[in-house]
């Protein structure tokens, strides 16, 4: 949608300054904005960035006094709120996924499908699966035998759920998510002749994902060897995250992009694992702990602790190592001084 | 399947204690078990965890004497073995993939399909491909031109094999595996006017995967620039692993989740690369070496060595750095002492 | 294709030595070559590897004098060039993607399709999308509502583009690429009773990918919260890379496998981010900077700088830490000496 500054102000409120016929069709930050964009700034400390922006129009607080190079400004009480309102206007219209089963969807025997369910083109649902009321299962999804989806789940294209996976209500799985793959488990045996025999350990469990969990693109969550790999309610997982077999994650936790959790680890409630961090197998990361970016955690983490580094320790531990070269230089100088004294 | 403790004992052996009518329908660890679960413990050192479990029933060794809060126990000679037997009973039934080609499968010209092959819905097999006897190619798979699959491979949904990929016998590829994508290769040229021109280097080789290899969800293995990227027999690769063009991996090696191997690196036989570790291009990691979690390996690793850290070194090297702050404190104290003496 | 050494020499030039009837069907490096392979060497410093190669035939420079174990050699002016020419002969024939829309493709309303476009089997293109002239959209691709593809893009199987994504000309997306997934954004609110409420922040923006960008298998690029996540012209991204919402990447930059860029970070032009490195949110990595493998970058990086380590610093900083144990040993010895003197 393209709107003039005047039309925009009429919709989101605010007073136009400059050329009210200036048209905009997208929202962008000060630095990346270009011709045709609307930008925004609430704080005079960014006056420099405002002075350099290429946006055609800008949302500014009523109190703004510094110059701005845009052809139009809209004065508003809260640029943040006005910006969100404008972004909602310019956003690509949300696709409509009306209830109905696409004629090309391949539905197995004894599949139970609730009311107001959307199933997209070329989606495959194997026998015995149950899809709750109001679910949206987009195109090209694979749902294995006996999977169960609670109400109002949203499964984006090209997700796979292996057999027996269980999803609660309002679970969102983004494109390419893999639920229920076999965990990595083998036995190694050295034969009498010295050669090695590697056998696959059957992965007999399932994955259970609780209500209001959201999982990002291409993340993988393996089925349990026994019992269940479990993601607790309201936990949010980013893209390209690995959750190994038998991991137990509590509620309201967050796993940021490319982090990984090894087999049978326990992650508590309200835990935050930052990007690219790794959690070893069989350990406990307790409630409200935070694992810093790229940290490697070899052992239990107490409730509320913040750890970083590999192997992960306190910020103080990591800082001590980072400061070691400086400390060494100082000691070296002192020793030189002592030697001089000693002659 | 739901079974009473008595029914279960009748199937897997053992003596029931407590309420034999207690029903269970899944196996779970002591800590994560809940109402309706069967748990297990073999070692008295976990007596505390047993005392806290919420399992309805538990497998315990004949010799167990500590208290347990479950409504029923089954005394067995080996809780580990009994647990596996019970898990097999409770496991979701393994999906049947009967021989046959789904009518929606799109099969190109001159495709050779062996005996007893299953090909699932919406799978695409391009011209010239050959699928060995007993292969299971599940739904929504893509198999490019002239790919060859040996006997009894299992290709899970939504795997892609680009043209010319070669698989041995009994290869297992989990959902979202990408075989044969172009390697990352470009030439940079600075033009007379100072601008940069970037050209793609043709990636003319293939990927060759030997017998009994298993590859986890969303792992990517690039085709060679020339010749072949090769994964040796019986090597097991976990989820979200990157194997770049022209990498050569020997047999019986393991690459754990989110690890990566850069172009033209050689990994020997029986090597273990732990999670999130990275191997630089063009180096040799020799037989039976182990690369610790998150290690970054810039140079050759000798046979049987264990390296950790970035840049990767011996455990001793890494420990020395970790202990540097302590060593510095000690030196500081000694210098203070000396200064005091010197006045 | 299988060729005798003589046939090969006739095609790529060069003088045959040894048994000209020796047949080869693939190119391989000295070390990995086997029966039936053609290998190559240009530099006498690799004479040892040549002596050990199992290749059937080898390309050698006219001036080569060391022994070689292959049944045939072809003497050429430039083994590198000859090798590329031979590899092109042996390469699996490039699949033909003739213009045309596969009858199983599911095309929504008001989709605009240019001239000479190929659309593969089971591909879904939602309403309002526009596919430029000469595009190849392979099988099983998903293209969401109102996406726009410029001329001559190549979209490999099983890519997903969420609604509103915009691609320039000649963009290449490899299998499993995910464009336009929701960014990771939530608000946390502590309710009066102490419980936590987590709400999803609407992700209202799009992804914009400029001309000549290539993106590797299973890489994920999230849509902006507002405005656009943007990948500049000619930037090349490897496999399994994460690009979070609102990231801005300039032109001619490179992101190697498994690296990640957090939300709203700015990456300049000609920047190189090595494998498994991580860039924090909201920072600027300026033109021509290089981020070393596995580096973790918490703050701005100046133009042309090279940083490594976590937290990332100069090579000098990292070396100082690595050398700390040695420096400490030396200081310890000096103190011992001083103490001896002091008695």
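Worth a mention:
Order as written gives the chain letters A, B and C; numbering starts at 1 within each chain.
Keep in mind that, in the parts below, contacts are C-beta pairs under 8 Å (C-beta built on N, C-alpha and C of every residue); 3 or more make two chains touch, one makes a residue touch a chain.
Note that the coordinates shown come from a computational prediction; the quantities given were computed from them, not determined experimentally.
Two copies of one chain, chain A and chain B, form a contact in which under half of the residue numbers belong to both partners.
A rotation of 120 degrees, rounded to the nearest 5, superposes the Cα atoms of chain B on chain C. Centre to centre, using the average C-alpha position, chain A and chain B are separated by 22 Å. Contact of a single residue of chain C with at least two other chains is seen at positions 122, 140, 158, 176, 218, 240, 258, 276, 294, 310, 321, 324, 328, 331, 335, 338, 342. Taken together, the chain B residues at the contact with chain C in this complex read 106, 122, 124, 126, 140, 142, 144-146, 158, 160, 162-164, 176, 178, 181-182, 184, 186, 196, 198, 200, 202, 204-206, 218, 220, 222, 226-228, 230, 240, 242, 244, 246, 248, 258, 260, 262, 264, 266, 276, 278, 280, 294, 296, 310-311, 317, 320-321, 323-324, 327-328, 331, 334-335, 338, 341-342. Within the complex, the chain C residues that touch chain B are 26-29, 31-33, 37, 83-84, 87-88, 90-95, 102, 104, 120-122, 138-140, 156-158, 172, 174-176, 212, 214, 216-218, 234, 236, 238-240, 252, 254, 256-258, 270, 275-276, 293-294, 309-310, 321-322, 324-325, 328, 331-332, 335, 338-339, 342.
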